[in-house]
Each structure stands twice: as C-alpha cells, then as structure tokens.
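Take a look at these structures.
The two complexes that follow have chain A in common; it is paired with chain B in the first and with chain C in the second.
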Partner chain A sequence: MNDQRTWPLLLSLLVLTAVVMVVSLGIGSHWISPFSPASELDSRILWELRLPRVLIAFAVGGLLALAGAWFQVLLGNPLAEPYVLGVASSAAVGAVAGMMLFPETIWAMSLGAFAGAWIGIASVLMFAHLGTTRLLLAGVVLAAFWSAILMLLLALMPERGVALAYAWMMGDLSRSDIALPYLLLVWGGALLAGLVLARSLDKLLLGEKHAAALGVDVRKLRFGLLLLASAVTAIAVTAAGTIGFVGLIVPHLMRLLLGSLHRAVLLASAFGGGILLILADTAARTVITPAELPVGVLTAMIGVPVFLWLLLRAR
Partner chain B sequence: MNKLALSLFCVFWLSPAYAAERILALAPHVCESLFAIGAADQVVGVVDYCDFPEEAKSKAQLGAFHHINVEAALALKPTLVITTDTNTAAIRALSDLGVKVALSAPNSVDGVMQDILFLGALTGHTSDAEALVAQMQQQLAKIRAETANLSVPTFYEVWHQPLYTIGSKAFIHDVMKQMGMRNVFADAHMDSLRIPMEVALAAKPEVVVVPTEKRDVEARELFWKQWLGDDVMVLRANPDLLHRPGPRLIEGMRALLLQWQEKTAERVTVKAL
Partner chain C sequence: MLVIQDLTLHRGKKVLLSGLYAEFTAGQVVVVLGPNGAGKSTLLQSMLGMFTPAAGRITIDGKAVAECSRQDLAEKMTWQGDLPPSEFGLTVSQRLHLSANGPDEAKNQQAMTLMDLAKLKHRALDALSSGERQRVEIAATMVRDNPIWLMDEPTAHLDLRHQVDCLQLMKKEAQQGRLIITVLHDLQQAAAVADTVILLDGNGGAEVGVANEMLTPEHLMPVFGVQIQGEGKLLMPMYFEEKQ
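On to the complex of A and B.
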C-alpha cells in the first residue's frame, strides 16, 4: 500500500459519500432542497421518507461489501460473495416461508429471513473443512437448492404472494419497520471489527502456513470471520431483501484503487458499498417514474458483467 | 370477445336440442357466475379460491388456476374449460385433447355483464343470465346516478409493503371510475405498479381505498391520515366482492359507496357542529 495515495483516496471517498447522500436526498418525485425544504410536507418527505431510505441503502450496501470482502479472503476466491454462496437465497426462502406460515404477522418475514440466512450459513459451514474450492462449489450447489425450494414455495402460493415475494427477492429499501439506528450501529460495529482483524487478514492472504508462522491462530480467525460475515449478511438480507453483486464489485474496485492491505480496503468498502447502493436505489426509484424498479435488478445489471469479466481474468 | 360471444350465442340459440356441458371453471368469478345463472350442475371441476357459494367447495378441486392438475382435470371428462388465460400449458393440453376452451376475463364493469351473458349462452341459461344482468344493470344505474358528477382523486392500495397500486389497465380502475372515483395513477398504462411513497403523496388523493386482506387496516388508516391529513377518507374494500369480475361486483361497489357516503355525512355533521 502506498500511504501517499491511500489517505487522499479514502478522504475523497468520505466526501463523495456526503455528496451522494445530499444529492440523493434531493432527488425524487420532485426536487427538494435538503437545506431548505419548501413546505411542511416536503420537509416530512425529506426526513421521514427519503432520509431513512438513503441511510438503509448506505448501511446495507456497506454491510454487503464488507461481507463480500471477508468471504473473498476466507475462501481465497475472488468470486465469493453472499449472493453467490447461496446465503442470500436461503434467507429469501426463510422470508417467504415466514410470510406463508404467518401471513397476518408483520414480523414473520423478517424473522424468517434471519433464520433462513443462518440455516444457509450452517449448511455452507458443513463443507468448510473440505477446502476453499469445494466450499465454493458447495455454495453454488446450495444456492441452486435454495432456489428450488423457493420455487416450490412460490408454486404453492396464490398469485398475489408470488408477485410480492418476487418484489422482496429483488430487494426492497422502502421498509419502514426497520430499526434504523441499530442498522447503522451494526454497520459501525462491522467496520470496527473489520479494522481490528485487518492485520490478520493481510497475513492470511499470504497463505495459511505463513499466517501461522506470523502468529495468527488460523482456525480461530477463519471461524470468527465466517461467523462475522454471515451475521452481517443475515442482517443485510433481513433489512432489505436479496441484493446481489454489491459484495462482489465494491471490494474488487477498492483493491484496484488501493492495493490489497485490508485496513484500507475494508474502510473503503464500507463506504463504497454504501455509495453504490444509494446510487442504485436513487436510479431504481426515479428512472421509470411513477413506478419504481426493484433495486436488485440494477445491481445485477452492473454486477453480472463485472463478475464475468473477473471470471475471464482469473483464468 | 364480443363477436365470439355473439356467434356462440347464435349457435346455441339456433340449435334445437341443447346438450349440457361438463365444465371446468378455472376462476372464482367464473364459478360464481355459473352458480348465479343456475348452471351449477354443469360445473365438474374448480380451482383454489372458488369458495362462493358454499356448494362450489364441494366440486372437484384442481389446484391453482395457473397450474391445474391436467390428469385430474381429464378424469372429470370435461367438455368445456372456462379460463382467464388461454395461453397456459394445461389449457393447450386440454384443447389438444378436444376440450372446448372459452375465455372469461372481463376487464371492465360492462365487460362483467357481457361475460355473464356469454356464460349464459354457453350453458343454455340465456334467460337466467339476462335476468341477472338486468338486475345488476339496474343497481349499477343507481350507483352511476348517485355519483354522476363526481371525479374524486382516489388511491387504491393494492399492497403496502412495498407499496403497490393500480394503473389504467386494471379491472379496479374501471370499477372506481364507474362510482365517481378517479384513479390518481390513470396515466400509468399497466395493470399494477410498485411506487415510492412520496409519489403517492404527490398525486394528492382525497380518497384511499384499502382492501381488507392480510394487513392491519386500522394501522393503514392511521398511516394515511398522518401523511395526507385528517381530510383524507380511508375506505375499506371487500376484495372477494370488488376484485372478482363476477355477479357480486355491484354488491361490492354498493358497499364501498355506502361507506363513502356515510363518512361524508359524518364529516358534514362534524363540520356543522
């Protein structure tokens, strides 16, 4: 890492975060100046509708990017991220099952998503001792399995349920039942944990033997990292549905810009993921006005070409 | 569809000996209409949510309307299948095996009347259908007369999380129009659309209609009042009556209108005090 380049880049990322937030707050059905809303209603729209949405996007984007960065180190594979590992799909299964079993209970979907994410992670964990290639392969196969279960549930559901489950599966940042302060706290906590672990992650990147020789308890680190990455994924999916490829694009972009030292990469990913998802959501709620697009459609449109490009490059 | 109805009507009217059909009714409204015109004994199979009248539940169940069990359907030896969507694999399979296919997907209030007449012609219950439609027309005329000069901006809350409403291609769009409610998203030429909350606010609806299914209606009323002020009128719609293009539609419209009129009267009284 070149310190002379890192700090200016991180600082400009911080400034960019602020600019993107302010501009996205202004954009919507009509422009509202974040500094002087024209009416009582405009000010309520600004603070009660747009601000929570921008902040949820920021936190969820940051969490997904952090989880992606961790999964990539953990599995030694540049293509790993929650969506690819099937964790996002298992969370979706949990959410839809919760919605089906307790249609009258508002919390059933969120609780189901959380339980589903953990079940997905537990299933992937069973293969963790077999090495990274097989673990990734298991993730891909499990993702297919969860998708099949999801299709089964949807086949059993009435038409309306299918449309809504589908909307949730492609991401929904408009939820008003999210405890926003906790979500932002989780974002801060995850970033902090990431920074604490950054040194060990750098060593792990050299290979397990080297890391062990440098005094890292590799097994403990891997296990802790897996728990951390999966908890963060579960929370992100519970808050906003399954949004793919943020965890893939952002860490890669940050490594290209900043090199591979994790202190910088994680810090930059936590903000970069937030910026990307705010931009994607602002586009999602304005491009086909009055209707809005599911935000996952936009992240996939950016993410899939990047994924394929990485696949070709990794050959 | 009008032409088809007319030509079929002529065929059945001219044929001297009418043979009863064995019908698969693949939508709740088809079921309701057939029972309402006295063709219940010709119905041999139904799909999920064909729950009115009570006797409809005793017919053979074939599953979800878009995904029926074709083998179970064939075992009933059907001669006619009535469906809202002819372009499914199951319908194509039945059609290939010689089962006649009829489309019943009315998308307007007038369309419902025509559809009932069409079903009457198909089943040899022309006069029953005509009587039912005449009665419905009469009740509809009253509703139209009472709301003739109204065009109140109205938001229809299909779903609240995420927020969905209807565009101009939805059946409910026309139902609302017939009773003096103007869909605030009439410019969206689609069936339903997902919208951001602030877009709904910008449309400034004076009436919000909330179907009473799978949500806390009280909470929704409070929510809309917090955003649009106490002047907004939040009405509750019975989805079984209002969403089904069948014989109970006018009843559903009357119930919604009654609620609207009562709330308006309450407001006038409060203001007078």
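On to the complex of A and C.
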C-alpha cells in the first residue's frame, strides 16, 4: 500500500497546478507578471484572454484524463484511450452533425457529441474481449473511419471547412466558446462521480465475476461508466476538439506513482491532466509565435512515444 | 442454512444438472466432485446468483438467492475462483484490502502469515507465479469474514505444503461454524476434508450424500470412467493395469 506516499503526492500536484497556472498566465507574446501587470492593457490580456484559456486547458485536460482512466477500466485494458480508439473522433462527428442539422439549436452540438461518443464507445466495446491487439487494431480502424466521416462533413461546409477541420482534428483551445463556469463545474462533477465509484472500479480490476462476488452490480456500473465516459469525452471534444493521449499518459503516470486504487488515481489524474494540457497549450501558443500550433500536435508528440513504449513493455 | 430445491442448470443445450435437492447446514465441508465440464463451477456460481438456473431455487437462511441484491449476497458468501489476468498492476496487499469487508488488520495479517505472503505484499499480482496467485486468492477468502465460502479448486497450483495448509484451514473454519462448499479434483483431498459430497456425473445426474458413503470405488468409478481402488481416506485411481 502506498498510503504514506499518496497524500504528499496529491498535495504536490495541487501545488504544481498552481505554479503551472501562474507561469502559463505570464507566458505569451510577451511576459506579463501575473502579480503586477505593467499596464491596463496587460491586465486585460492577463485576465480576459490568458486566464480563461488556462482554465479551459485545465478543465479539458482533467476531463480527458478522467475519461481515459474510466475507459481503461471499462475495457479492462490500460492502453485504452478515447482518442486512440476513435471515440474522440466519433464525438466530433456527432458534434459537427448536430451543428449542421440543427444550426439554430444550441444543444444540438452537445447532444450530437454525446450520441457520437456513445456510439464510438459501444463499437469499441464489441472488441474489448478479444485482447489488446485486436482491441487496439479495431480502435485504430474505427478512428480512421470516424476521421473520414468528419472530413466528409466538414467538406460539406465550404465556407469554414478547412479552418474548422484543423481545430476539430488536432484540438484547439483558442476558439473555445464553451462557458467556462460550466466547464469547471463539469470537471468537479466528473471527479466527484469518479470518487464515488472508486471502490467499485477497484473491484472491477479483479474481473467481472470477482467484482460481482464482492457485491458490485457489474451491469449497472458498466452502464454508468459508459454514460460518464461518453458525457465527459463529448464535453471535452465540444470544448476543444479532439486532443489525443492525455487520457493515456496521465492515468498511467499516476498509477506508476500512486498504485492502481482509483480514489488516488482519479484525484491525481483530474489535476495531472489539467497540468499536462496547460503546459501543452502554453507551448502550442508560443513555440511558433505569433502563429499557434494546434495543441493536439504537442500532446501527440509526447503521447505517441509514451504509448509505443508502454506497448513494448506490455508485450 | 443453504437449501437447493429442484435445481436445474443448462449451458446452451446441455443439461448440466437436473432436479437437484440438497440442504447444507453450517459447520461442514461440502466437496463437489465430477468430470470436467460437468457443471461444478456453474453450480457454485448459481449459488452466488451469478448463473441463472433453468429451474428450481436456492435459498440462504430462508431467502431466495434470485431475490437478493448483489450486496446482500456478498455479505453472506465469499467466492474463490480463478483471477483473470490484468495489466493494471494491483498489488497483493491492495487485492486483499479489496476483499476485506472490514478494516480488520489482524485478520489481514493472519491470512498473509498462513499463506506466506509477507514477502510478496507489495508485488503486483501479474508478476506472481500461478501458485503464488492462488495463495493470494485463499488469503482473500480468509479476510472476507462471511458465513459461507464457495471455493473453486482452492488447491490448484499450490505446492504440497500449501495444499495441506489450505485443507487444514477449510476443515478448521468449518469446525468453527462456517459452511464451506468446494470443488476439488483430488480424491485424497476430498476424502481428507469432506463431510458431505455432491457427485455430478456430467449428464445431468447428481448424488448428494455423507462423505464416507459417497467416496467409494462403486460410486466414483462409473462417474469418472476409471478404475479406482482402496477405501476410506486412501482412494487411488489405477494409472496402469497391474500384472499379478
């Protein structure tokens, strides 16, 4: 049991979150000290442009990490992740389809994303019992399929298609118009739901039969997880497009540090995912300044080597 | 304590068990014997409410299993069965904590000591040998303080020393008032611990009886289709025909 290590590590993550937030606020086209902005303009850049962006990155990153952790339990596979398995893309397809079919309805995009995520997860679930190789293979093929459909839909929107495709397919936090308080609330709610389910999730790691024998209503739990993972993936994708590998790297790292019990893993992932995405987004908006990179480019550059390394190690 | 009435189990088209009646009181070891695929594990799982019988009912302390919630059943029965492989890196001590139905450190320690797990405490389950993993599963049964233990081949993969420990544990726990229902394959082991035997013949038939009446070559030979000699605690299958 890593109990003695758990709380200090969680506390360090909290401190790290604060530090990363402050530093990212300062970094940009020019440095602005978050504690004493030099001018009125700087102060407005700080609080009206950079702060919302940092907070959105934090919430989306946390949600992606939580979704990843749930995916991994749901599929019984620590290499599962919404982006790799095409679920982020299917949510994007749903969102774009909703947007195109009901351009007047605000909720169409969110509901479409949710339905898309649900369909995406359900299609992947059919392959979960066939082992890692086939699961990942099915996921990759499904991901290609959803991306193709996404491109098709975007091609049908001639006026904004290309720019949008860029944002949807590689993730982009710059045009996020999702309400920030709502997003932070979802982050908190998702974490809370995760913590409530933590003990049952732990038992599910022993396999369905053992979990059932230990009193877990496995069907209900799996359905709940499917619902949660779909909702969270949908919201993250609606807010920021498809951003890969956060849901893979973060829960993995947290398991290495804290062991596999979910109370600690989920708590740490919700913050760790936030930290990772703030860092990635800060880099994305500064490395080729004044232009911006899609944040998904950066998470993929970190994520793919990590993923391959894990694949090699798992044999 | 546990009553089985007219229990019929099907797997696909195959009839595993047809119209079984049995009643088990606390304080005994019940051994389930039978050939591969006869439905021994399925019988245990139907007691746990994890396999729906085609007909009949099972009641525990007067309450039908089919009507109990998973949580209720988990407070009455502990199930020991093969742990599927997992790559999540759960450690031995975490696995035991997940099974414990109370924060009883003393019980944890006792289980770890009996199954020699102290040194493996922080190891990941997937890094253990099958025998070591089996010892963890026995310990996980011990830390869950339930009146009924359903054990599916508890001595599988264990070395001789731990087989003996495991059988002694079962006998002792039964004497202290638990009901232990266990699937075994070894006739010697069955004879050593059984108070009652359920013998499944693999064709839907089953016989329930007192151990020393059931564990005889006459009962066992037709079911397993091999020659068996000896009696009492010394039953031996005949591996080769002996020349006189």
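One rule holds in what follows: the second predicted complex is superposed on the first by the 251 of 315 C-alpha atoms of A that agree within 3 Å, B and C clash if a C-alpha of one lies under 4 Å from a C-alpha of the other, contacts with A are read in each partner's own complex, and residues count from 1 in each chain.
In the analysis below, a contact is a pair of C-beta atoms (placed from the backbone, for glycine too) under 8 Å apart; a residue touches a chain by one contact, two chains touch by 3 or more.
All values reported here derive from a predicted model rather than from experimental measurement.
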item	value
First, second, both or neither for A:111, with chain B first and chain C second	neither
Partner chain in contact with A:45 - chain B first, chain C second, else both or neither	first
First, second, both or neither for A:217, with chain B first and chain C second	second
Partner chain in contact with A:78 - chain B first, chain C second, else both or neither	second
Touched partner set for A:209, first chain B, second chain C, both or neither	second
Partner chain(s) touched by A:28 [first = chain B, second = chain C, both, neither]	first
Chain A residues contacted in one complex by chain B, in the other by chain C	none
List of chain A residues in touch with chain C within their complex	1, 72, 76-78, 202-203, 205-207, 209-210, 212-217, 255, 259-261, 314
Complex contacts: residues of chain A adjacent to chain B	28-30, 41, 44-45, 49-50, 103-104, 106, 155, 158-160, 163-164, 167-168, 172, 174-177, 285, 289-292, 294
Chain B residues within the chain A interface of the complex	48-49, 64-67, 159, 161-164, 185, 187-188, 190, 192-199, 201-203, 214, 216, 227
In the complex, chain C residues that touch chain A	45, 48, 50, 69-71, 73-75, 77-79, 81, 83-84, 86-91, 93-95, 97-99, 144
